[in-house]
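One chain, chain A, appears in both complexes that follow, with chain B as partner in the first and chain C in the second.
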Partner chain A sequence: MLSVMKKFVNKVFRNLFRKKSVLKIGLYGPPNGGKTTLANRICMDWLGEEMGVASPIEHETREVQVKEQINIKSGNREISFSLVDTPGIATKIDYENFVRKGLSEDEAKQRAKEATKGVIDAIKWLDNMDVVIVVLDATRDPYSQVNITIIGNLAARDIPVLIVGNKVDIRKADVKKIKAAFPQYDVLGISAKKGTSIEEFYEALFVLAG
Partner chain B sequence: MPHQCVRCNSFYQDGSEVILKGCSCGARLFFYVKQESIDNAKRMNARLSDRDKQQIEQDVLDLVGVEDDEPVVLDLETIRVTRPGKFELDLVQLFNNENPLVYKLDEGKYVIDVPETFLRREAFKKAQLKKQS
Partner chain C sequence: MSLTLQFIPYQEIENLSSLGRIRKLLNIVKEKKIVLLEGRLKKEEEAELIKTTMEEINQDFKGIELAVIYPGTQNLDFVRKLRVQFINALLGDRQGLTIVGPASIIKEIKKDPNRIQLLTLEPSKRQSGKKR
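What follows is the complex of A and B.
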């Protein structure tokens, strides 16, 4: 909690001296962590419409998606921001994985190319972000090169981070393992699909971006 | 060290004007081939069908997003295209905006995305300023 307060103070201090445009909150993480499902949950809760299409096939989101002007209210507090849903970041993209999921070879190769471009674009957008939510699949091992690289680079850029361990509705989800992997960060277990702990998630957003 | 035109396979030496202006066949994409691995590169190249080579060239140009920009070739790599539809990404290099964006097409064959590299450097400078403010 101390680190959240420190980031909050830093953020307020920084904003005092900087003319701020619209606050940008980015959803980052490996493919199939649930970034788009969380984006849809936020948009449905506060705008009444979905943001993108979530799919069990990896790299469904291959272009950066932006939803402008989302207002979140809690009591007399309110924050307004743009939500940026990014393509999943991966070290290897192989069309054969998509073929195994039922895509034709041509479709799979096209998807692989677009997914690669998506990774480049997601990284390019990082410097525009004010706050980043790293969405990890809590059923998977958090000690991956992708996770460590993303989170390490956010720290290097001094961007406030909230790590979300998604899919806690699945029995083998292990949020404690994510906390152990990234002890210096605030980690929150949620289920974007079922809405589990979503209120706590919004509270954390208020602290981080408010 | 030689550079090979991706379209007509002609070889050009370092400093050749062709590298800057484009090949006589009209292509502006060159493979960088290390002298010591040139035989290996030829073998690797031979394993790819003409269709694969064309596909890799097209994929990389699509990723770069330019059709007729002048290439610069460096011995670095951030994205490796092993076969059409198979990509390996070096995230550490990709996150480091100070480094150029370089595609490795095959052993000793690289292309660098010049416009994107400049954009990344600008973004890096802005981020540094943002961090300092």
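What follows is the complex of A and C.
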């Protein structure tokens, strides 16, 4: 009963707050799911410029990045928001993994140090979000505890969520498995890199944030 | 080289603060033991556990592997779903099992709704953290 009341109060306050300030849409997920690639796709489509650097080496994004004043239009509808690209959330970071991917030991240690701070910041920023897009790599196992923890925390904060199964251009991508893992959420298969189903993604964003 | 699994009954963490629960789990994991906790942490505590883990990562401690098994209500008929939901409401966070282990020992925990697989690193490679 108390939690229902808490959720109701949170929702009312969030809606009041939303009318006064700019909507914040966060990109969350584990490392290398394609959050920055999706952020770049959105920014290129609507601002004509990229937001950050995507890389095959994990933890390329180690600081929370914010791109303000993005306006998305479709017919008579329009939403304006700040896009927040967050570092990938992980439960372990080993600098030796970066060394194996070609970084020097010093670079790898520095990257690991920054990556741990990035995870902490990403978790801290959860409370600032109005809407969250959880970006999962559709070629990987969706039942990881990091995914469940992120989505569970968003649900606990009553933040609207869209789950994106990214990398559908890769043959072993399995969006159905993500849908089976999170049946109570809308799951959309996209390829942020190739632009596959990106129009459907914007439609879903209108429904979620509009 | 042997693996140590330490079982923690829910009553041992029941009256601890969130910080106390996290501290207890991390202290055991840092002793290179795998924790089997009866029940589960709150969602906010899981996020806090990840945050605290990140704060404490260093040359010796590379992080954790974490998995929570909780009785779901998917693929159940209406009556059984109602029964499971009732039991879950009654027992709260006491239901289920949480597994936390050091990343230097556990390579990966694979989980699907019906089974859980704990993949460990080869003993000879645990010191350097190199994977099989």
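Please note the rule applied: the second predicted complex is superposed on the first by the 192 of 210 C-alpha atoms of A that agree within 3 Å, B and C clash if a C-alpha of one lies under 4 Å from a C-alpha of the other, contacts with A are read in each partner's own complex, and residues count from 1 in each chain.
One rule holds in what follows: contacts are C-beta pairs under 8 Å (C-beta built on N, C-alpha and C of every residue); 3 or more make two chains touch, one makes a residue touch a chain.
Keep in mind the model is a prediction, meaning the values are calculated, not measured.
Q: Sticking to the clash and touch definitions up top, decide whether chain B and chain C on chain A clash or fit.
A: These partners clash in the superposed model.
Q: Would you sort A:Tyr28 into first (chain B), second (chain C), both or neither based on which partner it touches?
A: The answer is neither, since A:Tyr28 touches no partner chain.
Q: Who does A:Asp141 touch here: chain B (first), chain C (second), both, or neither?
A: In the superposition, A:Asp141 touches chain C alone.
Q: Output check: A:Ile120 vs chain B and chain C. Expected answer is one of first, second, both, neither. What do you get?
A: both
Q: Taking the superposition on A as described, I'd like to know which of chain B and chain C A:Ala155 touches: first, second, both or neither.
A: Only chain C is touched by A:Ala155; chain B is not.
Q: Quick one: classify A:Ala108 as touching chain B (first), chain C (second), both or neither.
A: first
Q: So, does A:Pro183 touch the first partner chain B, the second partner chain C, both, or neither?
A: A:Pro183 sits against chain C, while chain B stays out of touch.
Q: Superposing on chain A puts chain B and chain C in one frame; which of 3-11, 75-83 or 111-119 is the clashing stretch?
A: 75-83
Q: Looking at chain A, which of its residues have contacts with both chain B and chain C?
A: Dual-contact residues (chain A): 89-94, 96, 112, 116-117, 119-120, 123-124, 126, 145-146, 149, 153.
Q: Looking at the complex, which residues from chain A come into contact with chain B?
A: So the residues of chain A touching chain B come out as 14, 17-18, 89-96, 105, 108-109, 112-113, 115-117, 119-120, 123-124, 126-127, 145-146, 149-150, 153, 157-158.
Q: If you look only at chain A, which of its residues touch chain C in the complex?
A: 89-94, 96, 112, 116-117, 119-120, 123-124, 126, 141, 143-146, 148-149, 152-153, 155-156, 183
Q: Give every residue of chain C touching chain A within the complex, in rising order.
A: Residues in contact with chain A: 42-44, 46-47, 50-51, 53-55, 57, 62-68, 74, 103, 109-113, 128-130.
Q: Chain A touches which residues of chain B in the complex?
A: Touch residues, chain B against chain A: 55, 59, 62-63, 79, 84-92, 94-95, 97, 101, 116, 119-120, 123-124, 126-127, 130-131, 133.
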